[in-house]
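Input: structures, listed below.
Note that subunit A is present in both complexes that follow, paired respectively with subunit B and with subunit C.
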Partner chain A sequence: MEAGKQRLKIGLILYVLLLSIAALPPLTGNTALIAYFWSFLQMLALVMSLNFITGFTGYVNFGHIAYYGIGAYTVAYLTTMTRVDPYVFIPAAAITSAALAYLIGRPILRIRGPYFAITTLGLGEAVRVIIVNIPAFNYSEGLPIAAYFTYNVISSYIAMYTTVATLFILTLYLRRTRFGYMLESIREDEDAAESMGVNTAKAKLAAYVLSSACAGVIGGLTAITHVYAHPGFFSITLNVSVLASLLMGGGGTLLGPLVGAGLFFFISDALLIRFPYLHLVIFGAVVMAVTLALPRGLSHLIYRYPKISGKIADA
Partner chain B sequence: MFNPEIFFQVLVNGLLMGAVYGIAAVGLSLIWGVLGVVNLAHGSFIILAAYIAYVFFSAAGAPPILTSPVAVAIGFAVGYLLYKGVGRRVVSLDPSTSLLFFFGLSLLLSNSILNIWGPDVRGIPWLIQSLELGGTRIPLARLIALVSTIISFLLLYTLLQRTYYGKAIRAVVANRVGAASVGIDVDNVFAISMGIALGITFFSGTMISLVNPFTPSSGDGYLMYSFASVVLGGVGNIIGTLLAGIFMGLVESLVGVYFTQSISPAVAFIILVIVIMVRYRGGR
Partner chain C sequence: MNIRAVSTTLVVAVLVIAVVAGVGVYLVVQQLSTPTVAEKPLVIGFSISISGDFAVPGRKQLEGIELWKDWINSKGGIYVKDQNKYYKVELKYYDDKSSKDEVIRLYEKLINEDKVDILLSPYSSTLALTAAGITEKYGRLMVVVGANSDTIFKQGYKNIVGTYTPASKMLTQAIDILLEKVQNPSVAIIFKDDAFAKSVAEGAKAYAEQKGVNVVAFEMYPRDAKDLSPILTKIKGLNVDAILGGGHYEDEVLLVRQAKELGINVKLMSLLVSPSLPAFYDALKETSEGILAPSHWEPQTKPKITVGPSIDEFMTQFRQKWNSEPSYHSAAAFAAGLYITAAIEKAGTLDNAKLRAAFNDLDITTFYGRLKIDPATGNQVGHELVLLQWQGGQKQVVWPREVATAQLIFPKPSW
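Moving on to the complex of A and B:
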């Protein structure tokens, strides 16, 4: 079996395993356990959604949290206005993020390479300062929504679980269809793709809008779980953690986000407990070491050790 | 209501701050132009140098202006050794991976600073008096920062124009393969440019400690301003970068007075996007 297919197979097995294991915590009724798994699923969902643009097309996006924050604010704002159950507004979060991603993506996706990365680095910060200057969004205090609905840890868990499952299906879809191949051709050589008749502008805009809409949904769900939307959602550290997880795991693959998010989440958690002050210093060193040792991501190891991974895939 | 006196004061403040922003961006421009990698840890290096100046000031009472040559030497050593250690590998990575490498470095640096000096705002209260010229106030510390910035920039410029290594660096910026084919040791030029670039970056950090208060996370703001200046002034073009930094300072000062200080990051971002769109036709 060739290595790429092996990786897909290992990915499928691991996701099925994950989705079965992740179905257990709500049954135990242990709130701490549910919250812990929820955080992991949220991280995984963010990495999977970023994968659509950064993994498949190779456009390094530091502005993913802009749409995550916009989703959070959309849900919180509509909830405070109408006093209806906030889950009703999750589609609105997706639509707002998608619409803004369309408007912002049209100009900025013409930019390539490091210029694109730097432009997006400014985007999250720019959106944050605009939001904290708008009176309707309560300046830098944000919008608490706890008063408008009864918080339930199980439903917030199920919502995030469903999101991960949906993202899994979307990723599989991209791995198998013409649209996915178009995106990968942009990553490998954009000019060549263009000359072969791929409408690169349209394809990357579609990937960007999809990726941002997913970020909006995750942001909305996070606002519901935290019962609060605030400027802290536009956290560049979170964005980079997501990006680092994706690149560590290997972008443009099904397996990569799971490996990267898993590694990141459990390592940073373990470091945080053991070295509460130094954990980000160590994490920085780990990121440097991984980029130097495995520049194409951990899931690329399969190409280096085809025999071992073949056995894993067959088992 | 337009008040010419305020307007003139705003221009002077913008120029004084802009010169420091400009010199802060030069190091980023040089590394990007010569090595072709974007140093995301740039802001953290600036702040590290500001803390070095702070240590010298609080321990020995040495003003940043005296610390700056020491900071340049430390910066050069750090840059040279960083390249000799891992630089060759980093330069060979694809752009997104090298960005991530530098981000790791930035996390490591800024959190080390946080652990050593704590999260408090620091500043160097040296020469806090102001000159007054025809109704315009000029803070002495900022004036001194401006003068030393001009001197150090002229030194750097002469170094790049007149010396063998300066010419070799410019040759590598113009055409890496061509430079190698006429016998320039490109690897060595990379190491020296990295040294010079971090030397000037550390210098700018000591100037920033003189003109602005800082915290371990102040680096992010300087990183954004430096990016905007480099993109506006031209990658590898140090004169353009310096002038663009001055422009950024003027814009920040005008926006701060006529709108609100807190939206200046959004303004930097908008300038950046417009410049990339118009000047680079999408960065191709």
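Moving on to the complex of A and C:
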């Protein structure tokens, strides 16, 4: 069995394992455990959604957080206006983020490489500055929504769980279809892809819109769980963490986001407890080491050790 | 009636009396039995800004709570009637780095993992508003200290209790003074983009307009403003009698420095938070002369105390423990502890819903002043502010006159 297929198989096994394990916390009724797993699923969902654009097409995106924040504000604003259950507005969050991604993506996806990265770096900050100047969004205070609905820890968990499951299916779809191969061809050599007849502009835009719409959903769900949408959602630190996880795990793969998010979440948490002041330094060193040793991410280890991974996949 | 029936009745009667008496005696003994000390402490949980924008007042608040913990434990702890036990108090707190994201994470942790008994708010309205959402979604009581934006209490939350005078009332005394001293005064209100400062500014604007004061400027500046000269330059051209407003510590110090640099002289200048902190004078020295600010408490006030230590006791113990001067943040935090103690003793339980209800009927006066809430919103209605002024390097209470320690300097000396 060739390494790529092995990786896909290992990825499949791990996701099924994860989704089975992640189904357990709500059954225990232990709110601390549920909250902890929710945070992990949220991180994983963000990495998986960023994977669609940054992983598959290789466009490094620092502006993912803009759509995450827009999703959060969409849900919170509509909830305060209508006093309806906020989950109703999750589709609205997806649509708003997708529409804005379409409008913004059309011009900025013409820019390539580091220039694209720099442009998106400004995007999250620009959206934040616009939002904190909008009176309807209560300036820099944001929109608290705790008074508008009855929070239920299980619903919040199920919503994030379903999102991860959906992202899993979407990733699988991209790994197996023509659309996915088009995106990968853009990552490998955009000019070659174009000369081979791939409509790169359209494919990139589709991936960007899909990725951003997912970020909007995750943002909306996070606003519900935090019962608050505020400018802190546009956090460049979060964007960098998501990006680092993706690069560490390996972009454009099914397995990568899971490995990256898992390492990031559990390692950074463990480091945070042990080294409250130095944890970022240590974590930074880990990310650097991984990127230097394995530029295509940890999931690429499979290509290095095909025999071992073959055994795992066959097991 | 035959003898047999009589004796049966007698036996039954005796048995009934014995049982009733036994139960009665048991209950009395239960009542009289000395309360024991609970094995586990009562844990009060909160996040506090030890670093970040709110670190200066945040630390002052923390010092107040720590001192209350020592004080209540030295008295044997808090008595909880339904368990007939005395609880020692323990604090569980984390540094929230003045960040909303951290507050969300930490309050989830305090409630779900640490399972604390009672929650206190973080310092600052913006963070308390964030924490209140989390405590509300779990239906947990939170005593709000160091935060008083009306926004927090207008959300419709059912589990919060305030300890500060509402923000909307914070500048009304300064406006009263201005009305007394100047005919047809004009004011400029400037404020930080933040839940607290905005409530203060909106309250001041409404009060000023109602009293016929001319509000010629009403300007908000960004939360992370590093330069206020654009707004100040505009105000300089308006030639106002008073500048009212501000936000928190860093930006208010900046505001004073830049107003001086631009040579904006007004008859009255009242800020919101920084002048009550000793660090204000350290940063500005003689530039602080004549600047006013509302204060939730000053050690010179003399309330008729019904609960807790006297002001002198508090001052002595505070200086002893921390080797520094307390600010109103410290006093209010200590008083919040006394307020919680009073509610627990009244409710006789640690059940949060019953505790929240107990606060509705509480009306106590501590060394920090009176505490009484509006039952519907939980907002503080009993507590009164004083106005302080920096005079020759000393913080003096100048208003209301009954508690004043010095004459108001008016107009404010030129820079």
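Criterion: the second predicted complex is superposed on the first by the 315 of 315 C-alpha atoms of A that agree within 3 Å, B and C clash if a C-alpha of one lies under 4 Å from a C-alpha of the other, contacts with A are read in each partner's own complex, and residues count from 1 in each chain.
The rule is short, and it goes like this: a residue touches a chain if its C-beta (ideal position, glycine included) is under 8 Å from a C-beta of that chain, and two chains touch if they have at least 3 such contacts.
None of these values were measured; they are calculated from a predicted model.
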Partner chain(s) touched by A:Leu247 [first = subunit B, second = subunit C, both, neither]: first
Partner chain(s) touched by A:Leu123 [first = subunit B, second = subunit C, both, neither]: first
A:Tyr228 touches, of subunit B and subunit C: first, second, both or neither? second
Subunit B versus subunit C as contact partner of A:Tyr305, first or second or both or neither: neither
Touching partner for A:Ala32 - first (subunit B), second (subunit C), both, neither: second
Contact breadth on subunit A, by residue count: subunit C or subunit B: B
Partner chain(s) touched by A:Phe266 [first = subunit B, second = subunit C, both, neither]: neither
Partner chain in contact with A:Met288 - subunit B first, subunit C second, else both or neither: first
First, second, both or neither for A:Pro107, with subunit B first and subunit C second: first
Partner chain(s) touched by A:Val132 [first = subunit B, second = subunit C, both, neither]: both
On subunit A, positions contacted by subunit B and by subunit C: 132
Residues of subunit C touching subunit A in the complex: 99-101, 104, 108-109, 111-113, 126, 129-130, 132-134, 136-138, 151, 155-157, 193-195, 198, 220, 222-223
Residue ranges of subunit A touching subunit B (in the complex, touch as defined): 54, 58, 60, 107-108, 110-119, 121-123, 125-126, 129-130, 132-133, 236, 240, 243-244, 247, 277-278, 280-281, 283-288, 291-292, 295-296
Residues of subunit B touching subunit A in the complex: 32, 38, 86, 89-90, 93-101, 103-109, 111-112, 115, 220, 224, 227-228, 231, 260, 262-263, 265-266, 268-270, 272-273, 276-277, 280-284
Subunit A - residues contacting subunit C, complex: 31-32, 35, 132, 139-142, 144-147, 151, 226-228, 230, 232, 235
